[in-house]
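After the structure tokens below, expect a handful of questions from me.
First chain written, first letter: the chains are A, B, C and D, and each begins at residue 1.
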Amino acid sequence: MSEGATSMRERHEGADMEKEDVVLRVDDLQKRFGGLVATDHASFAVERGTITGLIGPNGAGKSTIFNLISGFYEPDGGRVEVNGIDVTGREPYEIADAGLIRTFQTPRKLEGMTVREAMLVGPRKQPGESFVKLFTDPEGVAAAESANLAEAQRILEEFEIDHLATQPATDISGGQMKLVELARAMLADPEILLLDEPVAGVNPTLRNDLAEQIRRLNEQGTTFCIIEHDMEFVMKLADPVVVLNQGNVLMEGPPDAVQTDERVIDAYLGGDA
Amino acid sequence: MSWLTDPVGEFTDLTRAEQGVTLFVVAFAAFLFIGLLSGGLGPSYFLFLVGLASMYALLSLGLNSQWGFTGLINFSVAAFFGIGAYGTVLLSASSSPVREALLDAGVPGVLLNPVVGLVVAIVVAGLIAVAIGIPTLRLRADYLAIASLGLAEVIRLIVLNQQDWTNGSAGVRGIPSFFVGWPVLSDFPSAMPEVVVDLVPGGSVTLSPPLIDWGLTFGQDIVLGTPFWRALLNVSLVLVFLGASYGVLRRVHRSPWGRVLRTIRADEDLARALGKDTYSFKMQSFVLGSLVMALAGVFYAHLNLYVSPGDLDPITTFYVWVAVILGGSGSNRGALFGGFVVVAIREGTRFFSDLGSIIFDVGSTEVVISLGIEGGPMRLLLIGVIIVVLMRFRPEGLLPPQRELIWPGTVDEVPEGPDVGVRDARGGTDE
Amino acid sequence: MPLLEYLANGLIFSSIIVLGSIGLSLVYSIADFANFAHGDTMTIGAYTALLTFGAIGSLGGAVLGLPFGFFVALLAGIAVAALVAVVTERVVYKPMDVGSIGMLITSIGIAFIYRAILQLRFGADFTRYDVQTLRPIEWLIPYGIRITEHDVAIVLSAAILVTGLHLLLQYTDLGRKMRAMADNPELARVSGIRTDRVKLWTWVIGAGLAGAGGVFLGLYNQLSPRMGFSLLLLIFAAVILGGIGSVYGAMLGGFLIGMINQLMPILTDYGIPIGIEYANAVAFVIMVAVLLVRPNGIMGEAT
Amino acid sequence: MSENRVLELADVDSGYGDVQVLTDLSLHVNENEIVCLIGPNGAGKSTVLKTAFGLLSPWTGSVTYHGDQIGGMAPEDIVREGIGYVPQTDNVFGSLTIDENLRMGGVARESGLDRVIGDLYDQFALLDERRKSKARTLSGGQRQVLAFARALVMEPDVLLIDEPSAGLAPNTADEVFEHVQAVNDLDTAILMVEQNAKKGLGISDRGYVLDQGTVRFEDAADGLLDNEEVSKLYLGA
């Protein structure tokens, strides 16, 4: 690391690690790709019941951190805890079992499925996902499927997209797909939901819908951690906001503090002109 | 509404592709029926064809549950077919070195029967499927194709060269009927009386010019002897296999289990993010399909009564691929249909052998394509052209899955699902 | 000293595999799919040479036991294999709207069409070029090496072709463009390279070398419509071993696979009970192992 | 003024597939100036360059070069018109030598290739020293220089540069900006997308601030640097 980077690093105060009820704790996480340090000793904690925003300029390492937390990348060092369970380096499905579900930046389309079919992939631990039970306990499978279907229908109604239920999942708009993704993730009944740019490419009306839904779900008890470039969106929704810069946590604070912080402005606009 | 009460209504409800396929099936059945009546097609041979077609349908169902459901590009179909065939015959055939060794070791001969052979074949196929799956199922799609083809060749080479187990290239003969030792069924073919069917009492009807172009005699006596009853028994067996497999696969396809497989096919990362252990699901799908293929092999051994390493030739794999792509990836009924079409091609090209040569007069030079000995290349050409034309113009196949797949009884009406096919399949990209 | 004999045979067989591997690797990197018709492109080369040689005869003199006419036939084999590949690319592959797996499956159909047409014309039986079978070179026999002048011709011709390709890649504009495209197609376009033309030339070169490999394979063994398809998996093994997309990797992979294939008897010599009949099986197992441990091959960059 | 406009985008809509990114966007580059495009992530900065260079076709509106319509032309043809493009990542051929990289930059030249490459070696000594090295052995900053040089072999009138400082340590970024200025001194106009707004504007004559696919502010570089509204755009508020 050159001198410039070091001096930048000295100005990093990091995140608030002294929280009461932590659902996700990221401790000293490191990842490099070849010569590029993507995640550089990053630490932060997400308190239960919050909507925590994760922001930072391009290349700050936000997506890498999401991939490390959710098990899609294997960290070179550090530790990830979900609900107090160490899930460092575990498979994504094990991390999901611990209660953490993530979404993707580009909506993933499910060819050959209707929207409600695509929704039904969401629930975890379905009895019908066991090959044996399909034959030993078809009534149990049917009961669970009916219940999941009703739940899917209920969530679609809450999201006001129940009219799409039987549409092909490939035929709906990108913004609607984002809503479906969020709805499906909710069916997995997560304790914490990681959203990767939930409103990228979504029109303003749907953007407000999404914000409303996230707030509502949060009030019902789901914890959120959101990467988002749309500052207006994230600053209205999130508290606290964690700022990443060069793979490290620059600071954490309430939105208005972050927005006026000199270091954050420097990180975004570039230092010393 | 049903086909019995309102056939026209049912027919108009179908998609155009479905209508075409239905008409084709009806026309083909009529063609076979006429063949049967005219004596051009012996009843035993007819049943043999039905057995063979059902066997291909079984193989196609197996591949469909790997490629169609999950997107696993498996080029080792012939190997699992061969494992099924060898699995049962090595235990039960009189010329099998393994059987001899077992008898010498004091295993009672009664135990070495085709039913035990079936069980052994299925177990061995399952174990080998796991063994092949462990290294290959983490590979990206095109590498899985090449690796599975390579490992299938390894299996073929072992069967060919371990003569002390398999008789090598000589193959295995002396295969008993599947029902040997069963009460009633064991002796059924020879015990049945010879039946003479006289469709036109007191003679026959000959249609000849000018009514049609060539003479066709209807109503000759059809003799149903021991070979016929044996063939009938075989067909019953394969129909039981096919029915059971179809029933199982249809149920699992419509289940949450099948839905996870379809999610993996469309986007494996999404399935992982939603908490599914995708490697385990891929393995289950791979093993399930391999077992169905092995079942087809077991049947084949007792149908053909001779098994050789040539049965593991990769060409069988590609026939089955054609059947699945033609029928529509992910569609069980498409796989059934595809299996039957492939046998129609296989056996249909044999008719070329009877046609002699076709002579094209191209200007001053005559191009002679002698079809008499060229059934093989014509078949290959036809298969090749079908693959290319399908991939170019209809990669989703003729009967792509049409309906939403939700566990039966949980929704009232089932809307049409979107088409899906090779076009959407991933592959070639790094994970 | 059988080892020398094995090595000599390995060199000959490697020459053929290398010629096949280069084209497969080139097409894999530029057209982005595993071309299952590549083996049958080799077969086309072999049968074109058979036809041409039958038509023109020996044309007088001979080099290394091979009449001049045979070398003309070799050129014809190269040219026709290249032509057929280019026509196929334009008529079939280019208009396709399917992913790389769809292309792979299509290429299997193409492979069947090539083979079926050859079989319709030439029958399924084995056949040979009408050149005299030679005795092993006398002065090498005391060393335990039994190879003919034809074998020497195969190795030398392959060496000339590979050297020619090397010179083309390193010192001509076309070669540099081909390497640039394999390296980074998007940047190649941005730099102003007419990528369509380079692609076409890549097909020409890859299929031409395959055609040459087919001609030599026919000389080394004999000709049959299945000859190329039977060799295809070994060629895939070579390409994967060397690293898909790397021409020099394909050369090295082809060399190693050819050598391993012919060095198999050493195993039994040392008491390991794996016979030469498993030579191909060993290559396939190595291929799968490479895919697992080092999917980018020995010449590719490690992930 | 308009007669010395090298490149102009007027009322352009553009995007990927059916996702619209740019909406009614207009901007221009005059001869010999450095223009910097800044704006928050996802504002469509890179999309502007890709649309100008033919990697994306404008849905509506026009792209003109010296007044001639080039919208919808393929990049390999636009290169021949006299526009160069330096992508943000993967902008050198790693397995080719530096010399070969430069030759690839000049495939569309009909003559004078050796002369231009010679001039470039004079200009960028670090490339001259390592002519025969593979480009993948260069450091991040050196790669950027090679990428500029590759694009300059065509002697373009305007060079489009996508985030030259991305992923570079601050000192190296400063050096790269110096090279951008040096390129500009060779009478090449530059349209540059830059994340580091302060440094980018610091070497620029003019700047545009993009937000949600359209131009929000246009001003002299100094003016934008002092504009409070700009930082609000980045961080909401």
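The rule is short, and it goes like this: a residue touches a chain if its C-beta (ideal position, glycine included) is under 8 Å from a C-beta of that chain, and two chains touch if they have at least 3 such contacts.
Please read all numbers here as calculations on a predicted model, not as lab measurements.
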- So the chain most remote from chain B by C-alpha centre is D
- Item | Gap in Å, rounded to a whole number, between the CA centres of chain D and chain C | 44
- Report the inter-chain centroid distance for chain B and chain D in whole angstrom, where each centroid is the mean of the CA atoms. 59
- With chain centres defined as C-alpha means, what is the inter-centre distance between chain B and chain C in Å? 34
- Chain centre separation in whole Å, for chain D relative to chain A (CA means): 34
- Message: Going by the touch rule stated at the top, which chains touch which?
- Response: A-B, A-D, B-C, C-D
- Query: Which part of chain A faces chain D closely enough to touch in the complex?
  - Reply: 1-5, 8, 36, 57-59, 174, 200-201, 229-232, 234-235, 255, 258-259, 264-265, 268-273
- Contacts from chain D onto chain A in the complex sit at residues 19, 40-42, 163, 166-167, 169-172, 194-202, 225, 230-231, 234-237
- Taking the complex as given, what residues does chain B use to touch chain C? 73, 135-136, 138-143, 145-147, 149-151, 153-154, 157-158, 160-161, 318, 321, 325, 369, 373-374, 376-378, 380-381, 383-388, 391-392, 395, 422-429
- Query: So in the complex, which bits of chain C are touching chain B?
  - Reply: 32-34, 92, 95-102, 104-106, 108-113, 115-117, 119-120, 123-124, 225, 233, 236-237, 240, 275, 277-278, 280-281, 284-285, 287-288, 291-292, 295
- Give every residue of chain A touching chain B within the complex, in rising order. 70-72, 91-93, 96-97, 101-104, 108-114, 116-117, 120-122, 124, 126-131, 134-135, 141-142, 144-146, 149, 166, 168-171, 184-185, 188
